[in-house]
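The following pair of complexes shares a single chain, chain A, combined with chain B in the former and chain C in the latter.
And then the complex of A and B:
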């Protein structure tokens, strides 16, 4: 089924781009297409100046794209450490030990519980693990698919702090969110999706309070 | 480590006191343990149901049968054929793996089942090569560096060494990054793909490794029986090896060895009740699975757990 129609977006190194939009707008499909999990029927994707459409997901990961999927999808029966090892990619400029210590510094709770099975973590901790797993590939571009899903506001806040830290280190981020307020807080640039099309887009400060974004969620009563 | 190291020694000492027939059964237990450890890589570690494992076993067995028997009057040395058989089985694993590893679950099981049958039917019908249903007889006994293996006790020594080596190999594999990648594929293939694992690649390696062990088992089997025929490689045989793994404990090498012991010895004990043997065997299996749905020894109580346990105590 065709989900995305004539979508065009771009992202510069070190930028945080947020994709917002209602359910079924095609946000997740967009991320899955970028990371190679879905194949585009047509159109082009360039990453670091190279054409990459049709590239396999593991090759995209080796080129420096990390994907933190919707619903976290951590490996429940593996330990935290094993989850991280599963995400480790050799030959990306950092050793496994270096990446372990980076992840455990960002998320100390993961380090404390490294031998425990991932199923024993809370939702927020599992989200941290999912992000940590994506970071084990030392990505230049990180795709985050609704990291706030089903989490308490306090935890969401913690996780977004980390996202900002990552961006400050120069990791480019594409963040898919349903939470519009949060998105405006951290994004440099916003794309609002609806029905598989870019409904409107612009720098976060320009799009704030824009009627078109509001209308997308609250259709005007005639 | 000590209790693990004592086990093979105990088996060898035990073997000294056994008469020929029970000794043969013990050999079979070890052979099935080895096959189970091999199949466990695919079924237990990667979570892919392979119902055609016997094909690789058959390839190993026929390789030895053809290269070390009067069939073509070839008498290549055992260790050389062991390498050739392992290599051919690995090749077959890769050739089968490339088309089928895109499939999942039931579909994979069905295709592997078909592959197992194809190999058996080929052996049955390639009369000129394999002698068809009559099989190949008077196969050479194994000779390793001048040591002539002829009694079941000789084969016990060989099999203990092979099971120990296989055990150490699959244990290290399970703990390696490849093993973790396989576990990730088993847990959630899409997530594994998303976090940069070449899922097709690691599954192919798992298939080939598992096939290699099956091939080695086949070579040993042919030299031990000195006779092979397609009858030894039916679907029932594949199923028995899957049962060894599932009953023993998916993903747990200890479990697999225990499963092999149980599934080989149980039918022998039931031999006295000839008419009801299959029935009793079936009932026993159902009861075991009901009582221990995760297998006799659960996945987490593997060799690494034991080592942690022993070093802590």
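And then the complex of A and C:
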């Protein structure tokens, strides 16, 4: 089934781009296409100046694309440390020990519980682990699919602080969010998706309060 | 009486260890691909035959410890590569289609391998040269053969080795990650084909060694012996909880005990109505009972539609 139609996006190094839009707008499909899980029927994807459509997901990860999938998808049967080991990619400029200490500094709770099974973590901690696991690949671009889903506001705040920190270190971020207010807080640029198309887009400060964004979430009269 | 029990326990342990080695191959493949690899039983048979060939190439007597070790190792490698080849040719192209397609392909591979073994190794039963040391000794009146001790030792070493590989190495982490979700594993940079190939190397390798041990223990090998032993090992895997490595070991040993003790005691208990020729019936009765009352097996996890063996696609 064709989900995305004539979508065009652009992202520069160190930028935070938010994709907002209602359920079924094609946000997750977009991320899955970027990381190679879905194959585009048409069109092009360039990453660091190279054509990458048709590249396999594990190859995209090794090229520097980290993907925290929808629903976090931490490995439940693995310990926290093993989840991070699974995400470690050699040959991306940092040693395993360096990346371990980076992740445990960002998320001390993961370090404290490193030998525990990932299934025993709370939702927020699992989200931290999913981000940590992606960071073990030392990514240049990080895709985050609804990291706030089902989490308490305090935890969401913590996680978004980390996202901002990562962006300040130069990691580019594409964030898919249903939470519009949150997106406007941290994004440089916003794309509003609806029915598989870019409904409107622009720098966050320009799009704030735009009625096209507001209308998107209103019930439609046929 | 105590001596008799001990004697039967030793016999049961020996057979059970062999079942367990084979069951590991079924359970690992199922754990990662949700595929019942019906060709696995033929890896067991092929292993027994390849070892004889390897020993003759080495130009020695099968019973010589050095020859036995070298032939065993060579067989492990050869059948390991055969397993990888079968996966590449017969299962990989069908991955991500229905669950039925690769299973049928596995049945097809079983037929092919069995026929190749028959054509090369012959139709008639092969008097098997034992790769295991001769001799007996006694423990508390029970007779223990060095064959049995060697079988147990080899099985133990291989199982411990496998356990260390899966639980202690980063390769093992990758195997478990792919087993949980191949898609997520690929998102974090793991090429799922590598852990899967490894599974298809190690599983058949273990099955092949089990084939050597089995044929050496009973002194005979036939091209068709894999079928019934494979079904029993599969039963052992289900009994322990398919997908679970400790489950396969437990299931194998347990099945060895059930079979040995039932075969030994049933004739007396039923006044000869059920004789020793019912041996195979016991194993498959266990399969039926387990599937009826505890389909996830003893150490298996939650039974969801996803993990049920017989509910989907059949």
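By our rule, the second predicted complex is superposed on the first by the 218 of 222 C-alpha atoms of A that agree within 3 Å, B and C clash if a C-alpha of one lies under 4 Å from a C-alpha of the other, contacts with A are read in each partner's own complex, and residues count from 1 in each chain.
Just so it is clear, contacts are C-beta pairs under 8 Å (C-beta built on N, C-alpha and C of every residue); 3 or more make two chains touch, one makes a residue touch a chain.
None of these values were measured; they are calculated from a predicted model.
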item: Overlay on chain A: chain C relative to chain B, clash or fit; value: clash
item: Which superposed partner A:56 touches (first chain B, second chain C, both, neither); value: both
item: Touched partner set for A:13, first chain B, second chain C, both or neither; value: neither
item: Contacts of A:206 with chain B and chain C, given as first, second, both or neither; value: neither
item: Which of chain B and chain C A:46 touches, first, second, both or neither; value: neither
item: First (chain B), second (chain C), both or neither touched by A:152; value: neither
item: Contacts on chain A seen with chain B and repeated with chain C across the two complexes; value: 35, 37, 56-58, 61-62, 67, 69, 73, 75-78, 82, 85-89, 133-134, 136-137
item: Residues of chain A touching chain B in the complex; value: 35, 37, 56-58, 60-62, 66-67, 69, 73-78, 82, 85-89, 133-134, 136-137
item: Contact footprint of chain A on chain B as seen in their complex; value: 177, 180-181, 183-184, 187-188, 190-199, 201
item: Parts of chain A lying in touch with chain C, wherever the complex brings them together; value: 35, 37, 56-58, 61-62, 67, 69, 73, 75-78, 82, 85-89, 133-134, 136-137
item: Partner chain A, residues of chain C touching it in the complex; value: 170, 173-174, 176-177, 179-181, 183-192
